[in-house]
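Got a structure for you, written out below as structure tokens; questions coming shortly.
All chains are identified by letter, namely A, B, C and D, in their written order; residue positions are counted from 1 within each chain.
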Amino acid sequence: MARVVVDVMLKPEILDPQGQAVQRALPRLGFEGISDVRQGKRFELEVDGPVDEATLTRIHDLAESFLANTVIEDFTVKVEEVAEAAK
Amino acid sequence: MARVVVDVMLKPEILDPQGQAVQRALPRLGFEGISDVRQGKRFELEVDGPVDEATLTRIHDLAESFLANTVIEDFTVKVEEVAEAAK
Amino acid sequence: MSRTPLDTVEHAAATPDVELPWAELGLKKDEYERVVEILGRRPTGAELAMYSVMWSEHCSYKSSKVHLRQFGEKAPQSDALLVGIGENAGVVDVGQGYAVTFKVESHNHPSYVEPYQGAATGVGGIVRDIIAMGARPVAVVDPLRFGAADHPDTKRVLPGVVAGIGGYGNCLGLPNIGGEVVFDACYQGNPLVNAGAIGVMRHEDIHLAKASGAGNKVVLYGARTGGDGIGGASILASETFDDAKPSKRPAVQVGDPFQEKLLIECTLEAFKEKLVVGIQDLGAAGLSCATSELASNGSGGMRVTLDDVPLRDSTLSPEEILMSESQERMCAVVEPEKVARFLEICEKWDVIATVIGEVTDGDRLEIYWHGGKIVDVDPRTVAHEGPVYERPYARPDWQDALQADDANKLSRPATSEELKSQVLKLVGSPNQASKKWITSQYDHFVQGNTVLAQPEDSGMIRVDEESGLGVAIATDGNGRYAKLDPYTGAQLALAEAYRNVATTGAKPLAVSDCLNFGSPEDPAVMWQFAEAVRGLADGCLQLGTPVTGGNVSLYNQTGEAAIHPTPVVAVLGVIDDVARRTPVAFQEDGQLLYLLGDTREEFGGSAWSQVIHDHLGGLPPKVDLERERLLGEILISASRDGMIDSAHDLSDGGLIQAVVESALLGGKGARLVVPDGLDAFTFLFSESAGRAVVAVPRSEEVRFNDMCGARGLPVTRIGVVDGDAVEIQGEFALSLNELRELHEGTIPALLA
Amino acid sequence: MTARIGVVTFPGSLDDRDTRRAIRLAGAEPVALWHKDKNLHQVDAVVLPGGFSYGDYLRAGAISRFSPVMETVIEQAKAGLPVLGICNGFQVLTEAHLLPGGMLGNDHLHFICRDQKLRVENADTSWTSDYTAGQEIHIPLKNMDGRYVADSYTLDKLEAEGRVAFRYVDFNPNGSLRDIAGITNEAGNVVGLMPHPEHAVEPLIGTGRTDGLPFFTSILKKLVNV
């Protein structure tokens, strides 16, 4: 079993109110030096069987037609190599 | 300027209805072979200046106290090496 | 548009032969030539941007203007009207020093492309219109139309639209108190997302969109300007969607309801301190619209330095800044000595505010960029003197055949058993089923003044805590009726909304509308439009309820197929004491049920003909506005004098639909008797207009009958509130449980 | 003499005015508090009202929790100041760790607005003494992020200590664990719940019931008797 991650972010030209709200809160938390924050979605898909070209293409299509609305969002698909050390 | 990415996911033991809704929709979209979907948040922080140990520690603290609620969520912090080819 | 060298006014004058992309920006050749004639030279890029968005169908009403004039020409005498058509929204006097502003707008096309954001920004836009009048917004309504309920794309569009309306309105703290949900295949590629808002203010707080007083400052405040929906006004709202060219759909805007909530609070605080001379929201056509309209309505001119506009994207060209439709922005005109305080209030609410210009002595709108003058126009020519078309219109050749295809001749149920099964089919059909799955996604309670909300006949909001003064609003429209006869259809929409308001005990005062039609370039559509406007204007004159404002949405069609002509009418009413409001729900066993009005064999365009026969043909129900007015007076008097405990108007689905709704809401059944002279089928399913069912306590029976008799309103005793079933004596009985399951189960089964 | 009850306005608070009205109708004196002002102006109790503070961006309550006024509220709540968090206010209280657990999106993924039946499980807090334990009441509920979650250790502890203050009855509107609608801290001075008692204080308005008024009379009695 492998994990494929689809990250969906608002296109750069599209307003991101959530990211902006986070960014505006940073100085109040005593945090300087971050010039921009964008907030998006992360989907972790657990795939049965091998993640081959064909599977990736299908996931790409899935992302394009369902996970993201490409009118306002961009997405990336990647295979997660190893489980990252959580926290 | 560099980009640090903070991924925030619900703890595994917590029900993720959004992920489930995606998973349930998959067969309708003619998509088989995905045993689990989890949906979380992705924050892209544009950092002024170099991303050194100290900065990463501060962002880690920020994630722990603010970007994630560690009562219910786990997070990971990573430096994004290169701008990924969007889509 | 070349930017090196900067396309200034001098540069334009010196380079008359430069080709500009007027066609790409949506201008026709003769329109462009008129711009050149007005200016006496070729426009600069920035001027072209302004003229093109402001002269678009969406902003200039160029196809509809000649017809809309009737709303003014035929306006009834009304003491209530404080501000009429032409401002951001109309204003009505509701007494005790209060004024109410309300308006309905469309956000149809964006909501098809991106349902959530399209619908959300629709709410945002209409609410800014209300704030711009000086009022605190107090409620929203959302008349919606979608394709077939079981079409897969409806499952994409509807939940997104509903979540967007809820997401935005709930976050603003505006109770959603009414609306409509209609399914019809004709809206498949063109859902109708109309949104209305109501605001309340004191008379002295009314504000207008005008820039007066040379030296006064122009302050832009709210969100930063980004590249949102550039050209959206002209392209997105006015172009027919054509499946072959999806690339023509530009990105829709993303709304930020939190920012808008701050905008509301900081604007109201500025009003309270009397800091604002004139104000305009930024909606379609953004700064182009706000600056030209403010200047055009005022006494002087205006000078704006575009470099001072706070940007989200520093690479925007001046043309793009002028066209940007970034949401959550407002423009205020403020006296110089009050600017500091104005900015302070903005800062208190964390709202970015910048002085971008000032009112001048002259009569020109001048805009500067990087030191050069890039716009120098008479603002009236941009804002008010756009092209006006007398588009050809003609009654379509299929209209006669459609009307001849009489629904009254459709086969009717032959047995009680069949009648019963048709009732069940109707009550469970998507259009007649409960919309609770949708409306429970909206906050009805916020602000603590909601007296009635869906599924009541009209929404009602308390305006004054002490006196109990309140306002009511209902929106209605029936595209099927309007397709059969657009003149009558528009009047039926008006009559139904009027009736819905009166049924709750409020006195109808004024009208707003949202006219949703296909392409004005099709003479058949143009005829539908002209007829509907004529019908509505005539109807408003007769009912004494002026049209105070509204919105036109054209080009609602996919390829050749236009939507049903769909005039949506909102009626606003006032009630002296909300404690007297009449609810829909049956209150008490034993109360007598009366049917008010005449029931005729009228099935053209009916829910029955649609659900049972999938048929649309014949003539819509007859309209009698004098009768509507009388019915309204009776309902209002009965509520004021405590003669009725519940009331429900009759509309699509007829009497049986209304009785089932009252029964389910009250958790009390009814025993009905078919009155003499009517057959059970007609009694249950007819959609004759001008009717309502009321429940009268026994102690009021005589008084109520006397009142109706004295005023000549036909009244028929039809039964009694009782038990836990709806029973038609001699025909059938349906338990409330069975009815409830059907009525409430349909929409979740289709959409959840 | 009556009690002064503060109501905080955060940017995006929606029910602050209604809450002040409810306090007034109960006979206490409402005091408007501003999120940027650390000073609580000598109030005897504080209500964090409902709404979408900061748009509920990031997480509901997550940004407000760091506002200046909350510094004082957190400090004083720990010292015994009565604090009631309604809906968004409840979310702020969990984010501020004045109450355990966290709030997540409703399990059905939709905003929900309904007249909700609740059982008062604990009538010994500062805010619930005018109810009786086990009493069933109807209070309007309206939220997007109303799903209360905590780990099972915390949940067991809350149950054992009688700190589940309200439970949903007949219908769980958001997937909250163990049907929890509201909880209290150990001392009983800090209470949070998702439904909106301030919307149930007048017979004509909203759902037409007044089941929410005892929240405000409870605190008034407590403060005036002191």
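One rule holds for everything that comes next: contacts are C-beta pairs under 8 Å (C-beta built on N, C-alpha and C of every residue); 3 or more make two chains touch, one makes a residue touch a chain.
A quick map from chain label to UniProt name: A, B = Phosphoribosylformylglycinamidine synthase subunit PurS; C = Phosphoribosylformylglycinamidine synthase subunit PurL; D = Phosphoribosylformylglycinamidine synthase subunit PurQ.
Everything numeric here is computed off the predicted structure, so don't read it as measured data.
In terms of C-beta pairs in contact, A-C outnumbers the other of A-D and A-C.
Taking each chain's centre as the average of its CA atoms, subunit C and subunit D sit 36 Å apart. Subunit A and subunit B have centres, each the mean of its CA atoms, that are 7 Å apart. Among the residues of subunit D, those touching two or more other chains are numbered 54-55, 57-58, 66. Shared interface positions of subunit B, i.e. residues touching 2 or more other chains, are given as 66-67.
In subunit C, the positions touching at least two other chains are 256, 258-259, 350.
Taken as a contact graph, the chains fit none of the simple arrangements: neither line, ring, star nor complete graph. The part of subunit C that touches subunit A in the complex is made up of residues 113-114, 117, 223, 226-228, 249, 251-256, 258-259, 312-313, 326-327, 350.
The part of subunit D that touches subunit B in the complex is made up of residues 58-59, 62, 66, 94-95, 100-102, 104-109, 149-151, 175. Note for the complex: subunit A touches subunit C at residues 10-11, 13-17, 20-21, 24, 69, 71-72. Within the complex formed with subunit A, the residues of subunit D that make contact are 54-55, 57-58, 63, 66-67.
Note for the complex: subunit A touches subunit D at residues 17-18, 21-22, 25, 28-29, 39.
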